[in-house]
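So that we are looking at the same thing, I have put the structure below in structure tokens.
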Amino acid sequence: MKFVIAIIKPQMLDDVREALTRIGIEGMTASEVKGFGRQKGHVEIYRGAEYNVDFIPKVKLEIALRDELLDLVVEAIAKVAKTGRIGDGKIFVLDLQDVVRIRTGDMGPDAL
Amino acid sequence: MTKKSLLLFFTVLLAIAAGPTFAQDAPAYPAATDASVFVFNTTLFLISGMVVMFMAAGFCMLEVGLVRAKNAATICVKNIALFSIAGIMVWLLGYNLIYGVAEGGFIGKFGIWGADDADWAQTGYAASSDWYFQMVFVATAASIVSGTVAERVKLWPFLIFVAALTGVIYPIQASWEWGGGWLDAKFAFADFAGSTLVHSTGGWAALAGALVIGARDGKYDQTGRVHAMPGSSLPLATLGTFILWLGWFGFNGGSQLALGSIDNAIAVAKIFVNTNMAAAAGVVTALVLTQLLYKKVDLTITLNGAIGGLVSITASPLEPSIGLAVLIGSIGGVIVTLAVPLLDKLKIDDVVGAIPAHLFCGIWGTLVVPLSDKSASLIGQLVGVVSIGVFVFTISFALWYLLKLTTGVRASEPDEQIGLDKAELGMEAYPEFSPA
Amino acid sequence: MTKKSLLLFFTVLLAIAAGPTFAQDAPAYPAATDASVFVFNTTLFLISGMVVMFMAAGFCMLEVGLVRAKNAATICVKNIALFSIAGIMVWLLGYNLIYGVAEGGFIGKFGIWGADDADWAQTGYAASSDWYFQMVFVATAASIVSGTVAERVKLWPFLIFVAALTGVIYPIQASWEWGGGWLDAKFAFADFAGSTLVHSTGGWAALAGALVIGARDGKYDQTGRVHAMPGSSLPLATLGTFILWLGWFGFNGGSQLALGSIDNAIAVAKIFVNTNMAAAAGVVTALVLTQLLYKKVDLTITLNGAIGGLVSITASPLEPSIGLAVLIGSIGGVIVTLAVPLLDKLKIDDVVGAIPAHLFCGIWGTLVVPLSDKSASLIGQLVGVVSIGVFVFTISFALWYLLKLTTGVRASEPDEQIGLDKAELGMEAYPEFSPA
Amino acid sequence: MTKKSLLLFFTVLLAIAAGPTFAQDAPAYPAATDASVFVFNTTLFLISGMVVMFMAAGFCMLEVGLVRAKNAATICVKNIALFSIAGIMVWLLGYNLIYGVAEGGFIGKFGIWGADDADWAQTGYAASSDWYFQMVFVATAASIVSGTVAERVKLWPFLIFVAALTGVIYPIQASWEWGGGWLDAKFAFADFAGSTLVHSTGGWAALAGALVIGARDGKYDQTGRVHAMPGSSLPLATLGTFILWLGWFGFNGGSQLALGSIDNAIAVAKIFVNTNMAAAAGVVTALVLTQLLYKKVDLTITLNGAIGGLVSITASPLEPSIGLAVLIGSIGGVIVTLAVPLLDKLKIDDVVGAIPAHLFCGIWGTLVVPLSDKSASLIGQLVGVVSIGVFVFTISFALWYLLKLTTGVRASEPDEQIGLDKAELGMEAYPEFSPA
Amino acid sequence: MKFVIAIIKPQMLDDVREALTRIGIEGMTASEVKGFGRQKGHVEIYRGAEYNVDFIPKVKLEIALRDELLDLVVEAIAKVAKTGRIGDGKIFVLDLQDVVRIRTGDMGPDAL
Amino acid sequence: MKFVIAIIKPQMLDDVREALTRIGIEGMTASEVKGFGRQKGHVEIYRGAEYNVDFIPKVKLEIALRDELLDLVVEAIAKVAKTGRIGDGKIFVLDLQDVVRIRTGDMGPDAL
């Protein structure tokens, strides 16, 4: 199984969630994060003083999935979350050794 | 918008300030009965006093909105405590220091105040109503200080300073003018509602505090760069400003000190209008100026613009024509807009912009009085501004310094880093929302 | 609760509205002295004006609580700016447009206003106090607009609209009635405190804006579904509503225009009671109705219910019996509860529900006047409602449209997405709490 | 600080309380004209009533700041609804129950109220202004209840209780004293502005509710440990306290019931001063005490200290010297500081500290009256405190219990866990900030 | 070593933390997340308009641990966080290659 | 490639970000978390009642990087985030199987 971590632009969340649901992903976990990358923060002025907004709001999605779905999922995210403008984000793929569904105690792929 | 439009803006303002004038003879007004006059005057003090009292809430909200969340509960403690301490000190010491001064004198009497209405016919108002009105003025001066030194001053030393300011420092200088002391007697110093006596006094005390206590950790770095520390709740800061604006009608209107006759009623009404127009002009000016300077409107400076306009008109809210009131307030707006970053250049860390709005605009408002009030002179005004400035600043500086040497005035670096709320109160202002 | 209980609720209301009546002859009241009358009247204007001024803070809080956090600072800028601009425009143009109209006329004089108290004996109040009171009314109309078009209108075009509304549009239509123009002279149109002149005027201007500017991005999707965009701080919205409720005592009470006699004092007191009861009825009705319709009480509609009740009683807060006031306010509550989702069906995006509360309830309140005020006729009321509606809506629409063609009225899509605070001000209202 | 400094603090207080006294003969005051007196009195009721009305916003903000975010919208609904219901009930039932009682009697008339100004010369004020003033008092009592039982009481049963409290329970006991019933006639019970009639009444009703409804889930665990549930917005709680403080000037000042003569004006002014000083003393005492007891100042208890001081002085705000007022308020501050944790020991869950501040300080304030008001006796005061306590507590308890048996009074455990906002309203107070 | 990521219901956090402490876990990191899964969000009405609350508040726990403790930890979480109702959450197990304790510079299992 | 998760004290974020930028890291993702560890929370008093503040605010940094940079990055964080006082935090190293840059579709080390 794989554990996919995707960093995307906040406004893309709904579209990505829908795209993933369509290809059969039934669960995912989202959180608010701040990203630092090529998309440089901008300079703002507050009371006459400049300040850098280095970290830019992003959404992080974590999705555990069966190996078979990996390519589909990565493709879907890469397609839907893409605006073509800098700061679109990244998809990270990690290996997932095991899963447990707490409610039932199911383990492994069945728990997804 | 361009520099040209800036020029145009002020040209228009000036043209307007000249404005139409209305001949106004003094018709023979009939009088109300003695009792009615007494009740009217007393009511003026009480109602004006109530809205000025509410300014304590206004300052509290303005400050709580402009500090970072980690210091928000502490600024609330300071604001409600300072208003309470002001009441107690004005009772124990302040009032008799202000009004117990001999004509032309330098210092009043030390002693607890008690209401004495035996002389009602002469004063024309209830003694307690006057006390109440004066007390809330004193509290205002203390509120100014808390904003400047927020986010790093320790609670108890700050409250000690407030006790001294409201019990002794403010009363002594106020006695010079409003108590009939030397400034009033010898220099015909004119400060109707306290641009200097209240606002500059608070501002000087705040400046002294800012210098002794130093800037917030991380505000200015070695390379001279200023680091913005955005306020945590601009809506609350805006609410505070509206409350202050409301209170100012009482502040300036009540300073007419009498309502029970046709001319007094007309005067109070005129004061309301000028007060409002100066604030409005301060807002619009700060709005336009920040747009021109930074290409984006700055809400917090716009709020300061309202205060700056209000402080500027406070020394003489009755005499100016509306056009002049607009001009005076507008320049107040210019002052705050330019002085806020200027103070940062000087590495004087004034969290809420109280020094530009209260001290600088207080000076401006006081100096411009002779333009509309022919009984005042620029010299007299200068003497007042300088003498009160020197007095308040020196004593305040000495006191802050003494506190620094004894109790310490400044939270430790780790305390400042985790925020005074956790460090000094062991609570959080927004325990469920606060990041980190 | 069921539909039956709904029926019961209104039956009870109606029964109560009929209520007991008290015979009231006009006893021969003794008079106060001229001077006292003058002071009383002036004081009424000043104190009423103060609480109406504070309604600017109420609108600001209501709106800031109902917009999303990313637009909260901008709505603060708009509210404090519009109040300032209103003051300046009423001085430069508005007041003389309202009161400089010939009897039965259509348009007043263009010119800057200045206080003229020469005629004091005839007017019976300080000229400035009246100006102040009128000015805050004008500002109220502008506050209504800002709520409807929030979250997408660009700052400067909005402020230009405000200047026109407060300097010209409002004053012209107000002159028709309060200035003694044609509506007053020919149709005995009755609008005591401004259900139509202030609230519907604001509402029409808002509606025109909503139509020209369009709905917020994402509010209505192609399939016709409405997307809720929950307000960011319901506590601040509630505070705003309480402030508005408070201010309304001044709004309606002060519109008696005189306090200095026994019958005026009685009238003002009655107005306070009716005003309160209409608001209370609006709240309770919205509470019950949302519970019945949605199985859950909706706080924000309940808040609108208070406003709806208040606007409804504003056209005639003195004449109705308390029971009738309750009924009028209650129907105001019904109107807002039903009209809020109705507007969404029409894809008219009114962020805070100002159109139901101010426009629809304003019409309702105006049309119901003849029920209690026998000097008014349904025809006269209709003429007023329609003529002012057509006038204000047409001009407002044209002006919004002109702004759209020139400066543009609407923030760009990315600006709207990141929020106007970052886009137009470069700041955040709650920098430490805001998600994303 | 040490225990010694605590001792010193109170010794100083006592010394001050003795204070200077000023001989005050009753000079022959001239009278205002009848009409002026009438207008002054009416105005006193209206303006005082307005700021007391605003206390509804103060309670709402205090409570919304002290509950957890997940219950913040619900507490807003409750506060605006209770104020509305109070208005309607006082009109339908309450007012005639209070004032329709026979001299020395136990219960007034049942019937809808309508303004009757025929007797204007005798009453000396507009009937509606008095009704308005009484109504806002009743609402205050209901506001007290909502804070104590917050975060777990179900909305509709709470509103039913409010209707009974404001329509029947409060009016009956108020008639005993303010209506001229048995407490007034036979025991010369003295409760100037309602330490017992308003505040303890609210407090008893709240206590009964807290007992019947039980503590919030998780507040006390089996091992007897108390779990702190920090309030979600201390700045809003502070704002609420400032608003309450402001309103109290109307609450106590207006209770002089007349303003239109020199001695009444003096009395109102004195009341303002004593009211302020008691609040100030309550704040400073709570500040010092929490610092001594917990080594850290507790903002929320300090806010309770202000309320405690205010409630304490409410039974007799005119008679005490300022020193005594300070002492009375200061002990109010002690009471809240000690009683807040005490209630927790007894597992009585009072979310905002209303029972210490309103009930306990109400009792204290009532019992201390004879110290300054020679017409009152300790026995008479005890009879009043006990009889009203027994009456209000018993009926309230029975009613809460009845509601428990019928509609249920308490949200289900899961509802309480996710918060009443989601469970009862289906919304969030701060949808964008709320954690979880 | 293993890196365990557990998504649980917010109200379960205290119990889970206690259970983990009891079996010898001395450190963990929690954060607020929003979960999408079989437990469907519900429909709310705001000002007369319906809206879906798709993402449901959850808490994410991250726990680095020695291999020996894995079974104990997974069992403990699975037991304590279980209410038996839908939405109880998931436990994900990843492989952890290395750890450093910043304060001391310790590396590997000793750093836990 | 590696996926590094560092838990640090919030006030250290700026310094760590700068240090990482200096050694060539061009992207990272930060989020707010609450940590439980040897640094025990403290007891506070609210309205006379004691309560434990068990979870202490921390910042979590996630950094995807090429294997070559691992040692440099771990060292840099360990050095810059260290105050020597308890609670300085931990660095966790996981294996990263793949990366995608959404904007361009680049995969593998080039996507970093």
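Should a chain be cited, it is by its letter among A, B, C, D, E and F, assigned in written order, with residues numbered from 1 in that chain.
Definition applied: a residue touches a chain if its C-beta (ideal position, glycine included) is under 8 Å from a C-beta of that chain, and two chains touch if they have at least 3 such contacts.
Being a predicted model, the structure only gives us computed values, none of them experimental.
Any chain bridging chain A and chain E, meaning touching each of them, is among C, F; the list is complete. The interface with the greater number of C-beta contacts, when D-F is set against A-C, is D-F. Note on chain placement: the centre of chain C and the centre of chain D lie 32 Å apart, centres being C-alpha means. Chain centres here are Cα means. That of chain C falls 51 Å from that of chain E. A separation of 18 Å divides the Cα centre of chain E from that of chain F.
Among the residues of chain E, those in touch with two or more other chains are 31-32, 44-46, 94-95.
In chain C, the residues touching two or more other chains are 32-33, 36, 43, 47, 230, 233, 239, 294, 296, 298, 300, 426-427, 430, 433, 435.
Contact annotation for chain pairs lists A-B, A-C, A-E, A-F, B-C, B-D, B-F, C-D, C-E, D-E, D-F, E-F, with touch applied as defined.
Chain B makes touch with chain C in their complex at residues 16, 19-22, 24-25, 27, 29-33, 36, 40, 43, 47, 51, 68-69, 230-235, 238-239, 241-243, 245-246, 249-250, 253, 259-262, 264-266, 268-270, 272-273, 276-277, 279-281, 283-284, 287, 291, 294, 296-300, 302-303, 306, 321-323, 326, 430, 433-435.
Interface of chain A with chain C (complex): residues 10-11, 32, 44-46, 57, 59. Of all residues in chain A, those touching chain B in their complex are 44-51. By the touch rule above, chain C contacts chain B in their complex via residues 32-36, 38-39, 42-43, 45-47, 49-50, 53-54, 56-57, 60-61, 64, 72-73, 76-77, 79-81, 83-85, 87-88, 91-92, 111-118, 120, 125-129, 131-132, 135, 155-156, 233, 236, 239, 424-433. Against chain E, the residues of chain F that register as touching in their complex are 2, 5-8, 31-38, 54-55, 58, 60, 74, 77-78, 81-95.
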